[in-house]
Amino acid sequence: MTRPLLRTNGLCKSFGGIVATDHVELDILPGIIHAIIGPNGAGKTTLIAQISGALKPDAGQIEFNGHDITSLSSSRRAQLGLARSFQVTSVFMPMTVLENVMLAVQGADGHSYRFWRPVHKDSEMLEKSMGYLQQVGLADRARHLAAEISHGEQRQLEISMALAMKPRLLLLDEPMAGMGLEESSRMIRFLAKLREQTTILLIEHDMDAVFSLADTLSVLVHGSVIATGTVKNIRANPEVQRAYLGEEHA
Amino acid sequence: MTAWFPSSISGRCYCVLLVLLAVAPWIFQWTDQPFLLDLLSRGLILAIAATSLNLIMGYGGMVSLGHAAFIGIGAYCVGIPAYYDLYNGWFHLGLTIVVSAVFALLAGAVSLRTRGVYFIMITLAFSQMVYFAFVSLEEYGGDDGLVIYLRSEFPDFLTMQGPVALYYWIFATLLLTLFLVHRLVRARFGRVIAGAKHNEQRMQSLGFDTYRYRLTCYVISGVTCGLAGMLLGNFTGFISPEMMSWIRSGELIFMVVMGGSGFLFGPLVGTGAFVILEQYLPEFMKFLNPSWLEYWHLPFGLLLVLLVLFGKGGIHGMLSKLDSRTRQSDR
Amino acid sequence: MSMKHYMIRVILPILFTALPAGLVAADSVRIGFVTTLTTPAGVIGADMKNSVELALEHIGNKMGGLDVELIIEDDGFKPDIGKQKTDKLVKQDDVHFVTGFIWSHVLLASRQSALDSGKFLISANAGPSKMAGVLCHENFFSTSWQNDQTPMAMGAYLTQQGIESLYIMVPNYAAGKDMLSGTESTFQGEVVGRDLTKWGADAQLDFSAELAKAKASGAEGLFVFYPGKAGGAFIRQYQQAGLQDVLPLYSVFTVDSINLPRFQDAGMSGVLGSKMTMFWSPDLDTPGNRRFVSAYLDKHGKYPSFYGAQSYDAIMLIHSAVEAVGGNLDDKDGIRAALKAANFESVRGPYLYGNNHMPIQNFYLREVVEDEAGRWTTRIVDTVFENHQDPYAAECQM
Amino acid sequence: MDWSLLLTQLMNGLQLGLLLFLLASGLTLIFGIMDFINLSHGSFYMIGAYFCGSIVARGGSFLVAVLVALVGMFIVGALIERVIARRLYRADHLDHVLATFGLILIFDAIVHIVWGPSGMAIPLPAILDGQVTLGSLVLPTYRLVIISGGLLVAAILSVLVTRSRLGMMIRAGASNRTMAEALGVNIHKLFLIVFAIGATMSGFAGMLIAPITEASIGMGNDIIIIAFVVVIVGGIGSIKGAFHASILIGLIDTLGRSYLDDLLKIFMSLDYAETAAPALSAMLVYILMAVVLAFRPQGLFPPAGIRA
């Protein structure tokens, strides 16, 4: 059996009296797209935040690639190969598209205690960054301010930044949020290709996207995982239908 | 993309300005205006301090209301050794760098756990502590301050003695500071600082330990400002705790904002405007009516308010408006 | 200043194309006066300015046949600004005398600028002890006193009166500590408690805690030094705490002609009868003082303060020196000798200069009283020291 | 240990704390609701004192003077909000600091022009100028007036904020401005009222203290920094926090001044203690703020709805 790339062990988190994450056990196997679905307020974003290190869990462990990373900061986790995109677009608006990706490349290169050489004269880095932009089809936008490009393009930029981190595991929090139909389907095709490069943990509301992309699905309800399996299994699972699909499609 | 030989109007203005500053002592000697050299010397010292503040505030989003503490620390690093008849300039320089760095490291390590307005207040707290500490150091003059009889002594080719020599020390330090900031903000390090200003969480998810980068930046800024203090101690021949009160830190902020926060030459231009106003606004009021001298704070305050309401981006911002070709490359 | 003058001296220098300063007319005596006109301390500067202007009226704006040009500068209570203004006076206006200076730190910062360029520096108030001792200079003179002298007089008086226990409150800065040590050096009873209160940008103005301690200490007297606005605040709280009957007040530089009219307006009768020591009082019966005080009263409707008296003396001292050399301002040695002789009608009566160019003068005990016109003022009740010299004179190598 | 002395000092600390609260409560609301840093809040403190003093000087009784001056302060506050502050809400904090520092200079200069440089002492009616004896404790009457005045305002404010409709809007605004707007709160009106109330309370503090310390130019600039410390320690936007922090800082400052030297004498020489104590007691509040910020950056009592 393959060793899981990421494993959460009895993860718990609550705010005040509200339990957001309730003993979550999750195994993410390498080389697949693992989607997490669940109704609004099921605790998906809270879960991602704990995996990425933005939030500290109340209890439980997170193992990444066989190491316990529970106490590591989010920057350390990112250095180990855990990249994420944000639900709310968070690219650097006052910078150009290229500068955004360059930052990510810098992040992947290890420390940035280099005080003298201007980055825009670093041809190796420029090339690399342009490469990532080409991959998501934003090369012609490189010199525009991030604030000037369309929302869909900003989402693409966000992902290309995550890719520039050369992640072993990519955490995508609703990458299709706010996208038009055409942009969404372009994104789906793109993500499908990405499967060859990296493992993806995907949170997405768009069920068509999830069903067409995911190799494995976990269903989160009220902070706990009620089922994990292939798309087919999950669709057939009566508990899921009752708890989730029923609600959503009622 | 560099600001050194720019095609833009504002860039050319700054080039001319630097050339003028380089030849200023000759001009003043020729026109027999030694006082203007003094005024300019003090202005440039404050410009170094303001440039150091601009590094953390304009580029890094860390608004410090306690930066004058570093000026005081630098000046006391000249004054206290001088009190014991130690005038070796290298010792003064070394001491200034070490003490400012250590204070910046300690204060920064605590302060940088906070952001925004909390950062403003905690830097204020640290500078107030330093202020009161020096007020109570009776041995070194306490509130009355400390007279520095002689300037720091350097080898002949680097001497600080005489107003022109000191001026070139100050000018050279300013050039170095400007060049340092210019390189720093364009290098990898500076990009991280700029990123952390806009979205710290995002930077962390890109693998940057932003706290450490900011702390490094704070220390660089503190040491630079300490150097300005060392020069001020030599220039004034005197240091008192008053020079590090929170009002002085506030004035440094005004100089940066007045000139254009986050622009290389903003602090220099802003300091110039500030020092000229401070010196000539009272003169002007006196000229209008001799008994109005004591009311010069009124037009000064009005100018500040109007600047904020209508002068977005400071003097640099206004210059840039003249300059249709200015791109945001001079960030 | 005419428009043309303004162009020459202010606008053109800004444009870096000014006329050489040497072209400024040499047929006048130029006096630079540095004081504080803005900030809350501006009230002191205003009194000094009034007195200086009065002095110039009294001498018909002439010294040794030359016109006098007075240039007043505001130091904003900041040492480096004081230095900058002094630099400007010395280098741009090419004044012959720099005077004024309320604050020790401003004077210390400005000292070198004035003296290195060979100008005469005359302090009309500030007197850091260093400048009376190791930093004394042939061209530096004072028309005031050393910080220690006044409290020393007070300590001596208290000892004379047989007071055995004293509580002391002073602000925590250099002058405050000087007042503390001055009193303690001559007071032979026991100091049962002392408080050094916060001073500076956010000075402490609420003394309730200290007053409570002072009262509890059971001392026979309370000695304080609270200059400026702190003085008013202190007196009011002293009165409100009901201490005037149980803990008599002895002060230095706390109650003066600047704040007495305010105390009177506010009905703070607790200050009446309180005692202080000083080198001068408005009722001091000397020809110079009668002329000064009555003219000031006529012109401004209130008594001048000691700051004003010292400023008036500073101008009169300069006047006597310029007269002595017959207006020959290049005769520096002559001017210096004439300054040192102090041959003029000082408001404090005739006095001598010590080797360090600090006045050797009397110190009086004054009491707060109501004058014939119903105004509150101070009256001399006793002479504590005669021809007293400051203790730093020995440190001066001159 | 002298217990009556300690009790007196506690009363003094309480008084200082209440004055701070009058300043800080307005400051914290303006800060929390409008996200506006108003350095010139201390100028209202000064103007209040001068208003009150002028009326007393024209023969008004102290009580009448306070009431009239309060109305005057409300108008001044509303005016400043309309003319200047309103234009600044959207600017960043840096601009706030800059513009309101300019306002301080303007206010100080105006007071200088109108009332002269010499400050103003405010006489008290004889009934308030005496002292009261409580057992072995002798206290100036006016101190009790300040304490009860401060407590009264604190009580009124707490009722206003927790019970009234205006208070509900204020609370909503302090914890979430966008939500308050969505709930149909007239933001412009709310801002105007909050600003004017803040100015009035700051002016009230100035009126209360002026008979003790005199009205003087720049009197507010000395205390405003401490008021900001209170706001930060208490938690921005929190009236309750401002109250607790004010009292805490009032007590720390007063007791520090009174007892720190005795404390230090235990483990250092007399001379050393007498030098170190005043410096350390001046630093105490700043040390407190630094510690609070380092370990609880959102303050001791952040308003409900704000999560760190």
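Note that the chains take the letters A, B, C and D in the order they are written out, and that residue 1 is the start of every chain.
We adopt the following convention: a contact is a pair of C-beta atoms (placed from the backbone, for glycine too) under 8 Å apart; a residue touches a chain by one contact, two chains touch by 3 or more.
None of the values given here were measured: they were computed from a predicted structure.
Among the other chains, the CA centroid farthest from that of chain D is the one of A. Counting C-beta pairs in contact across B-D and across A-B shows that the higher total falls to B-D.
Closest to the protein's overall CA centre, chain by chain, comes B.
Measuring from the averaged C-alpha position of chain B to that of chain D gives a distance of 32 Å. Averaged C-alpha coordinates give centres for chain A and chain B that are 43 Å from one another.
Rounded to a whole number, the gap between the C-alpha centres of chain A and chain C is 73 angstrom. The mean-CA centres of chain B and chain C are about 35 angstrom from one another, to the nearest whole unit. Taken residue by residue, chain D touches two or more other chains at 112, 117, 225, 278-279, 282, whereas all remaining positions touch fewer. Shown for chain A are the residues that touch two or more other chains, of which there are none. In chain B, 132, 135-136, 138, 246, 294, 297 are the positions where the chain touches two or more neighbouring chains simultaneously. Every pair of chains in contact is given here: A-B, B-C, B-D, C-D. Of all residues in chain B, those touching chain C in their complex are 24, 27-28, 31-36, 38-39, 42, 131-132, 135-136, 138, 141-145, 147, 232, 236-238, 240-243, 245-247, 276, 278-280, 282-284, 286-287, 293-294, 296-297.
Against chain B, in their complex, chain A makes its touches with residues 52-54, 73-76, 78-79, 83-84, 86, 90-95, 99, 102-104, 106-108, 112-120, 145, 161, 165. Listed in rising order, the residues of chain D touching chain C in the complex are 2, 4-5, 8-9, 12-13, 15-16, 57, 112, 116-123, 129-131, 138, 140-143, 209, 211-214, 216-219, 221-223, 225-226, 254-255, 257-258, 274, 277-279, 281-282.
Here chain D touches chain B in the complex through residues 31, 37, 84, 87-88, 91, 93-95, 97-99, 101-106, 108-110, 112-113, 117, 225, 228-229, 232, 236, 275-276, 278-279, 282-283, 286-287, 289-290, 293-294, 297, going by the rule given at the top.
Contact residues on chain B toward chain A in their complex (touch as defined above): 1, 183-184, 186-192, 194-195, 198-199, 201-210, 213, 216, 328, 331.
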